[in-house]
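Shared between the two complexes below is chain A, which pairs with chain B and chain C, respectively.
Now for the complex of A and B:
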């Protein structure tokens, strides 16, 4: 296991460097921040002073070198927009997204396991058809549309939920549901497909012939073997939640990393953008390693391959 | 998939069950605990004494010397901090604020008499020394103050306290509108950091900062030591939502009292209040490149734009013929919007073509996404009109920073003739803040100018009073009749949503400066 972890950690370093490099240089190709931060009537001298003060007048390679040295000292610079530390802004925003994504994935996985298993238990039954239809629909609904309709129906028309914000449990319902709906739909389909295969496997027949009850057969035997593909897809979907978080956080005023990232792109707030992308990339790599560990726990063959 | 290990009927050992339960419990506790930390950060139900305002964005800082930035100024100006003077957006007159009197001693020297008995939120007294400090901090520091670039640019200005209530201000060049410029310098105490931006300033305004929970809300409380009339609301709570329809829904759902920056399609319904802003939308023509270097083509473009159609079907506004709105010094009521006359446009293009003007050269409309509601659709309407007039036109929509590369000098090279979708808001109230930078031959945002227009502008900038008004009005007329650099489209309308609990009449400055003390509780009698 330790060998596997070490290999995964080492193989993550190169993509991480590519991400850091790409964000640094691509962000700087999108225009001069002085145009954005100074008034339109600012003189060329004012623009030059701004660039010099923030180091934008230096060659890009020098700027990148300075950035790497700063990062090595855990200094991510200062936000051009708020005059605060970039790492502070990112660390303040990250927990809000983590909570949102955590609840979303927990509910999506639990819901998908239950509904996907029920659908697979009797293929082509009414339950299966309804579950397949609803999951296909859920996987296809645009989250932006769903969020706005959710506000109009449940907040404005029915008055059951607040429109937005983070105040109280009711405020979580629309953001979590919006973020949940797509991963839930996809996972139901994946779990169903994997469970249909698993439930027709010989070891399930053996278990039944030994007198195991159906709950144990479905959730104890079949699901354990069906979990591996579902886990892989769940890992990808969890990574994709960062995209969904941008929409959800923008619409519902959720103070998370998705909104912070998109704002820093639009505002050319390089320091915050770089810090946010770096932290997100680290979390994604950690998540991938976690998925690998779960695979190894679920499947002894993975452990054996890793040990070999 | 088969797994030999799975044929065991007791696949879940007690150890594994314990591990799974432990993992699930850990996740649950982690999420629950962390969930509470977000849920507790944004309390609602503040009571009728609190005015709830929803903004499109969180202020980056509340730095007073950045108060000319819309996102900062609409919270800071006249609420937390105040200036020496203030401009009435309805009449255009300059009124007293922290200064009660000002006199011009010479073309470059002014004396201001300051209001007595004024205190800052930290209980320190407001003095001429604080005023001099604030002017120096805003105009001569390394903070990159927005107000310095927006209002003062090259102007050199020196302020000196004569005594506690007398301030002497001198300028390097004659400046007849110095008191107007100083309406943008927010006054802070001398204890304010002179070398870096402050996020939570101390001022003399009717409200002081109570709590700013970043990303969530900002709460102001009424300042008990305020020198002026006590405002109706004991507190104000700002929250921010980027999506216009959510802002409107917050008012209709009674989660907010005021929502600003709305579009007609945001659904504020009978809670929507329309008001004329000082923003004017226009198309800037690059008159240095063929075929736009021919004035007949520039006139044809003006005739081909259906302004009435745009304000009826695309965005809210009133057709306009000049870049400043009524109330701004220099506004010329005789300059009317160009009429929509597609036949005349076609005839002018045909005439130019017959004289050898390359009218088949493709003109690129450089648009900016989100510059106003339905910005892309507006450019499609313009494109349609120009194609019907016989011109070749394509559209390129950009985000704000990429668009700025085309707005500001030096312009990108090798792009051919362009029409730039733009919008100008003269927040300061004097045409000097429009003419030089937008129409001057060397203006930062100018694609083309003429020596005649430069001379008219220069003459107007040195004048004062009625002469100044007339000189700038003449300059606008000259640009419209002779230069025709732009196709000015419309004086834009703003929309805010107002709950039935609040009485408030927005004005042309509301988008930039939203005075909480002008907002009255509806359950109290009209004053």
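Now for the complex of A and C:
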């Protein structure tokens, strides 16, 4: 197990470096922050002073080198906008997104296991057809549109839910539902597919031939075998939640990392953007490792391969 | 005499054998085979209403995109400030305003059509780019393996680990938002998806033998990829592309919505939603309709992709024909519907009732006299028809010459029929099979693959796939009809009443549970034992079937055992609750000869130890000769001959049995050509009329084409379904 984790961590270093590098240079290509932060009437001297103060006058390679040294000392620089530490801004925004994403994935996984298993239990039955159609629709709904429709119906017309904010349980309903709908739709289909093949496997017949009731057959025997593909997809979907978070947090004014990233791109707030992306990338790698660990817990064959 | 027999059975009103025969041959029209591949696709598409609708919608969207500019001119962009925010669903101002107008007075319907063009002009090139680049790259990487594969996969990892929307935001912000910029970013972001899929599939192909062959011929790698890899990988990739089309469309609309995608005055659906958001309270329709357009288009692409996946996967195609995946209770069809087949089954049953003591209506007298040795006797109305079945398992007749003659049949299967539901209607795969087995006895169900022997066993055990269905017959376990039981009663008998050993022990054992837990399960379920007690019993069982170090091995997983040990485990699991009947479905096929012998010895020991009735399903004549007491030879879904093994093998009463025996290499045939039965077993969809074997039979005459032979007694405890069975017996 530890061999596997170590190998995983080592092989993550290069992709992480690439991500950091990419963000660093791409962000600097978005233009000179001086244009944004100094008045149009600023003199060349003021611009030079601004650049020098923020280190933008150095060659890009030097800037990157300095940045890496700083990061190694856990110093992520200062926000151009607020002059506060970038890491502080990111860490403040992060829990909001993490909570949102956590609830979303939890609900999506639980819901998908229940509905996907029901659909797979009798392939091509009415339940299956309805579940398949609804889930493929759910997977195809644009999240921003769903959010707007939610606001239109439940906030504007019915007045049941607030349009934005994070206070109170009601404020969570629309953001979580919006974020949920795509992963849920995809997961239902994956769970259904995996369960259909698991339920037609010989070991399921053997379980039935031992007199196991259907609950035991479905949840005791089939589900654990069907979990592997669903887990892989759930991991990918969790990564994709960052995309959703950008949209959802923008619409609902949710003070999370997605909104922070978009804002810092638009504001050329390099330090904050870099810190946010770096943290996101780290979380994604951690998530991938978590998925691997779950695979190993679920399947002894994976465990054996990991140990070898 | 034989013709008279059939005539009599007709006049007795029990069935229309010739009609039945004609029916069987006419089910598959020859025209079916000449349809072109393209027509076949179209036919498959037309079968699925959802897929049809999806195709029509996508064609509609494409037409809008292509013809849109001609249709609407500048309607989409011309502002009409005198007339803003017009309500939808009114034709007063022309069709363009049927979906209302926005705050600048531009008609929503016209803008939707204009946006279709923009949306497709982004999505289609983006998908094509990533499809072409990603799949070629992936096939190349997978085909060569090694560092090329590793580097490619690492690159894919890097791209995928970065949220694509954020990448698009940053890049578009750098290079100023434009349609071509979106195409580029989305194409790059999606390349890894194709790369991974193509790599996985071509790496799998790489290991196949025919690729080695191609390499030895010196075929260049690109030629190999084009000829061998691409055609195999392409269907999967196209399915991925259809799903990806949704993703690209959704991302484009998200970007446009966020203000960094399509820029005004161009218009895309996402942009329309963004514009509509500002006026949500006053005019909802501006945001609703473009969103619906996105949903409908993406759902159509998803449905089409799902259909394509189903249609290109022959293994899944049968699901199309499934109406209802019902497992469990038997649904008996109306007598009239399957009258022809049932009546022939009834006749078979009648004969078996004579030949098998378990169903003998008059339990008196010695077997030879009692059995309808003369064909005329067989045509006598017998009560053992499925419709008018008498109380099951009457007192059995003693059967002289049979070693287990004094005990009643533990399992008596009676004219069992199983259909598989397909798109082209039900296909009968088991057609009136009857056999009986007593405790302590081994009955072999012998037949070639596809003859329905496994299907018979699974039907009896209640383990048929959802597509298969029992349509008639009984399976009496000590007098209780298994096929008529409810699920709960059935479960109660599964284990202590009837158990089954599967062919492939690796797939029959749950890969993610320890073998100890799986062996303990019968005790946990039926005897409600504690985990610890059940575990102890499991270890005892493992010791009994000869697994060394059972105590420590109980915590191991199936993949950690050898094939022979796995089969032992499976047998242990089946005999855990001392079943009355053990069905062994090709228990040794996957094993080598030495292990085979050990497993068969184990089964034999357990059989006599526990006084089980053993049904051995096999295609191995040697196994039957060595281990079975009686044999039922199956062909094309029916039993063609039954009897004690030594007698049947010594003097077969059916040409098929004889053909089987002659095709076994033997000492006395040394130096001569090995006999084999010409032809191959019939397709269950088009079993020939009359006798199913007549096409391959050296004795076939005109009679065989018109009259289906039924199982008729040919001697003591013997029966054969051949018009000349008696002649063969007497010869």
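Observations on the structure shown:
To be clear about the criterion, the second predicted complex is superposed on the first by the 308 of 308 C-alpha atoms of A that agree within 3 Å, B and C clash if a C-alpha of one lies under 4 Å from a C-alpha of the other, contacts with A are read in each partner's own complex, and residues count from 1 in each chain.
Please note the rule applied: contacts are C-beta pairs under 8 Å (C-beta built on N, C-alpha and C of every residue); 3 or more make two chains touch, one makes a residue touch a chain.
Please read these numbers as outputs of a predicted model, since none were measured by experiment.
In the superposition on chain A, A:281 makes contact with chain C only, not with chain B.
In the superposition on chain A, contact of A:300 is made with both chain B and chain C. Applying the stated contact rule after C-alpha superposition, one finds that A:55 touches neither chain B nor chain C. By the document's definition of touching, of the two partners only chain C reaches A:125; chain B does not.
Of the two partner chains placed by the overlay, neither chain B nor chain C lies in contact with A:65.
Once the two complexes are laid over each other on the shared chain, residue contacts for A:167 go to chain B alone; chain C is not touched. Legend: residue contacts after superposition of the two complexes on their common chain; A:37 is shown touching chain B, with no touch to chain C. Residues 30, 148, 151-152, 156, 201-203, 206-207, 210-212, 216, 221, 224-225, 250, 266, 299-300 of chain A contact both chain B in one complex and chain C in the other. Those residues of chain B that touch chain A in the complex are listed here as 1-7, 9, 11-12, 27, 30-31, 34-35, 37-39, 41-44, 60-61, 63, 68, 142, 144, 146, 148-150, 153-154, 196-197, 199, 214-216, 239-243, 245-246, 249-250, 252-253, 255, 267, 399-402, 404-405, 407-408, 433, 437, 444-445. Chain A meets chain B in the complex at residues 30-33, 35-43, 46, 49-50, 53, 81-84, 92-93, 95-96, 98-99, 102-103, 106, 148, 151-152, 155-156, 159, 162-169, 171-172, 197-198, 201-203, 206-207, 210-212, 216, 220-221, 224-226, 228, 250-253, 255, 259, 266, 268, 299-300.
The residues of chain C lying in touch with chain A in their complex are 50, 154, 157-158, 160-166, 169-171, 173-174, 246, 250-251, 253-254, 257-258, 270, 273-274, 276-277, 280-281, 284, 287-288, 290-291, 294-295, 298-299, 301-303, 306, 319, 322-326, 458, 461-463, 465-466, 487, 491-496, 498-500, 502, 504, 507-513, 521-522, 525-526, 557, 559-560, 570, 573-574, 576. Chain A contributes residues 11, 14-15, 18-19, 22-23, 26-27, 29-30, 122-125, 128, 132-133, 136-137, 139-146, 148-149, 151-152, 156, 200-203, 205-214, 216, 221, 224-225, 236, 239-240, 242-243, 246-247, 250, 261-262, 265-266, 277, 280-281, 284-285, 288, 298-301, 304 to its touches with chain C in the complex.
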